[in-house]
Amino acid sequence: MLTHFNEYGDARMVDVTGKNISDRRAVATATISMKKETIGLIKNKEISKGDVLATATIGGIMGAKKTSGLIPMCHNIFISGVEIKYEILESSVKIFAEVKTSGQTGVEMEALTAVSIAALAIYDMCKAFDKEMIISDIMLIEKTGGKSGHFINSKYNGG
Amino acid sequence: MLTHFNEYGDARMVDVTGKNISDRRAVATATISMKKETIGLIKNKEISKGDVLATATIGGIMGAKKTSGLIPMCHNIFISGVEIKYEILESSVKIFAEVKTSGQTGVEMEALTAVSIAALAIYDMCKAFDKEMIISDIMLIEKTGGKSGHFINSKYNGG
Amino acid sequence: MLTHFNEYGDARMVDVTGKNISDRRAVATATISMKKETIGLIKNKEISKGDVLATATIGGIMGAKKTSGLIPMCHNIFISGVEIKYEILESSVKIFAEVKTSGQTGVEMEALTAVSIAALAIYDMCKAFDKEMIISDIMLIEKTGGKSGHFINSKYNGG
Amino acid sequence: MLTHFNEYGDARMVDVTGKNISDRRAVATATISMKKETIGLIKNKEISKGDVLATATIGGIMGAKKTSGLIPMCHNIFISGVEIKYEILESSVKIFAEVKTSGQTGVEMEALTAVSIAALAIYDMCKAFDKEMIISDIMLIEKTGGKSGHFINSKYNGG
Amino acid sequence: MLTHFNEYGDARMVDVTGKNISDRRAVATATISMKKETIGLIKNKEISKGDVLATATIGGIMGAKKTSGLIPMCHNIFISGVEIKYEILESSVKIFAEVKTSGQTGVEMEALTAVSIAALAIYDMCKAFDKEMIISDIMLIEKTGGKSGHFINSKYNGG
Amino acid sequence: MLTHFNEYGDARMVDVTGKNISDRRAVATATISMKKETIGLIKNKEISKGDVLATATIGGIMGAKKTSGLIPMCHNIFISGVEIKYEILESSVKIFAEVKTSGQTGVEMEALTAVSIAALAIYDMCKAFDKEMIISDIMLIEKTGGKSGHFINSKYNGG
């Protein structure tokens, strides 16, 4: 492509025209740490702005659909399914997202975006009670489909 | 998917990975009721904000393309065609939208969104003259393609 | 503005530069009719796609924020608050939205868009059970602020 | 489609359901003319808002992905690759974009949108130094794939 | 701001917090050249996709509202009015957009984006008849308000 | 607001109509950990997709502008300035964002969104080399303006 032009301002959305269409799937996670009291408010649905995890789930799913509009070099793709779940611990909430597609590119960015936006939505719903929440451990857990095959993150240790 | 996690904040974008790609089509309708005088202004293109139905048509078509960004659990899909038409009655405008796709999910939400946004655009263009317009009878008329086959709405009686 | 040019393709986003900034508020409503059984599924949160009204509320609030991107001639404004509530009847759900702003234009389109998107989201969540739901009675109930003062819709009879 | 309704407000997103899926590619160009001094600032990365061409490239690529949300009757499609390059002349910058897809419609609007948004982004980055820049010669250079075959613009004379 | 960090990846959305709120206005133009026959089709509204200039106007106005989402370093602002007009010549259409705001930044990018998107929409509507249209002479004509006062483009010679 | 309706599907965009307009500012941070080799590729601009940090900066700034479209209950506001900077360590990149506004609500969500999207963009640019990168320590560092005054995060220890 355009190989004879000067190399200024260089960034590209990689050409995937030749890649195979295959069923692809990615699972990502994030953790948001907060005060024990805030966990209690979430569990008992006592946050006045609304149901925290229902709101985070919808933010995360809608965020997954917006990934290519957010991440500059990311392809816009058809997402065939998104699911978000939570594990509520003593002073943190773990977020998991699974995203599926049938297409020419993987959905790891969609899964990572889903958990990130869900975590930010939790922060937003609870920030009147706790401004010192920390979002961490955003990582890809697993990825299937495509040429590179089955990837399992060696740095992920549980859930 | 993610079956071993807790069931908090539960909502999902249903997994359609296994569904067949087929040509799908949906037709929806909406009606906006208004004063006879306002109908006259629309017909004679005397509304100062511009051509009411041309604006509504474009709003509706662009709205159909935004459906998955508006309806939280709706899949983002390739829309292969949209057409919007009107039937102008004495004190109401009937709006019809037909949407087509080749894909794994139906386009009933896209057709319903198209007529809804078109109706809202008509309200916006005419609201300086009539704030008591009512939008009603938003419904699916017909749907073809996909596993569920040909659906005709038994509650729709004419047009 | 541009008064000496030809009058083709005429539509305009009305100039509100000279209007006063004031606190403005609009309340709108919509009704979605469905089978009694579907009402039961919503109340008991038995719809597998998730909590129907929580999803509709978030869709409606996010839809209010997108109004100027949906309705062609609508101004983009700062929305200072949105609230959505429901009244569940035997075979229908009534949706109410109140939107507030401090600005130069009213928020009736934002309130009408909020109830419309919330109604469409309910349709989407329940359509596997009932494709013949009808959305109707989308109207402005009340509007305060701005030059035109307090408007109460004479066609709205209850709630 | 909807052939028996009245012909008001007529505009349509053309039905491409029956068209073949094929690899398609479009190349477009734009030129932005400016003062020699401004060219110098771009080359030496002395514009305080940031790296001009890197910003323009990302704006252009993200713009290509938004094409169907900008151009009313344009289909939303999967873009499989975008590349943007520049040729810096004495008092102008030439912009080239190549866009690829595998689908039922061409990507000429995506390529034209990419160069247009890139040119506007250059204007924005440099406008503190030069408000009299002119964007011109936005045109399609070449188009392959689809029923109409290989198109080469007879009006494009080099680069 | 953040002055003690390293200077990598440098680009900024310039801080306008200290600037005055004032009424601002910008006028921009673009020209799209095409075959005489295509001009005839536009004038007689014989393009099957719909009314070309009505569609371009709505695309341009909606594009003005999306400017800050398209141009990376552009501020999101409240636009208080947009008007788009056309001058149809023998083998070209001249597009003019006037945009107004009351705010801390100018609206030249909004006016330039409006004429660019309107021109691209005209291209899209007519491309089945003429792929060799050229968009040119996109420039700012005039700008008022703000610290820099009244700007008139010395390179603009008519209309 | 709407106090007499049933409490289903409860979530609200909090009413800030009565809050004062004041200059507000928020600073947030995120860290992305990766292999030493990947840090080298970023520093030497050897990633084939483009300049990693320039891309991340633009993604982050554009992400800040999209915050209210991503976080369900977040107000849409005018952002008067965004700056993003990086500190490159041996096997991680620290990201800092400062966001400013003059308005009725704070910009902590905008600053947190900016660093999150910038971190995700870095992941996307480098994922061909390293799929086990981890994004962590997303937190608010500081916040000024508004009724709650100057907030400094006691959990942030450095930078």
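Residue numbering begins at 1 within each chain, and the chains themselves are lettered A, B, C, D, E and F in the order written.
Simple rule for what comes next: contacts are C-beta pairs under 8 Å (C-beta built on N, C-alpha and C of every residue); 3 or more make two chains touch, one makes a residue touch a chain.
This one's a predicted model, so the numbers in the text were calculated from it and none came from an experiment.
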Inset, instruction - Give the chains in contact with both subunit B and subunit C, ordered by label. - result: A, E
Inset, instruction - With over half of the numbers shared counting as same, classify the subunit C/subunit E interface as same or different. - result: different
Legend entry - Winner on C-beta contact pairs when A-D is weighed against A-F: A-F
Legend entry - Averaged-CA centre spacing for the pair subunit B and subunit A, given as whole angstrom: 30
Inset, instruction - Would you kindly tell me how far, in whole Å, the mean C-alpha position of subunit E lies from that of subunit A? - result: 35
Inset, instruction - Find every residue in subunit C that makes contact with two or more other chains and list them. - result: 10-12, 14, 50-51, 54-55, 57-59, 62, 66, 69, 72-73, 78
Inset, instruction - Let me know each pair of chains that touch one another. - result: A-B, A-C, A-D, A-F, B-C, B-D, B-E, C-E, C-F, D-E, D-F, E-F
Legend entry - Contacting residues of subunit C [partner subunit B, same complex]: 10-12, 14, 48-51, 54-55, 58-59, 62-63, 66, 69-74, 108-109, 112-113, 116-117, 119-121, 123-125, 127, 131-140, 143, 151, 153-155
Inset, instruction - Name, in rising order, each residue of subunit C that touches subunit A in their complex. - result: 50-51, 54-55, 57-59, 62
Inset, instruction - Using the touch definition up top, name the residues of subunit E that touch subunit F in the complex. - result: 1-2, 5-17, 68-69, 72-73, 75-78, 103-104
Inset, instruction - Going by the contact rule at the top, pick out the subunit A residues touching subunit B in the complex. - result: 23, 27, 51-58, 61-62, 64-66, 78-88, 96, 98, 100-102
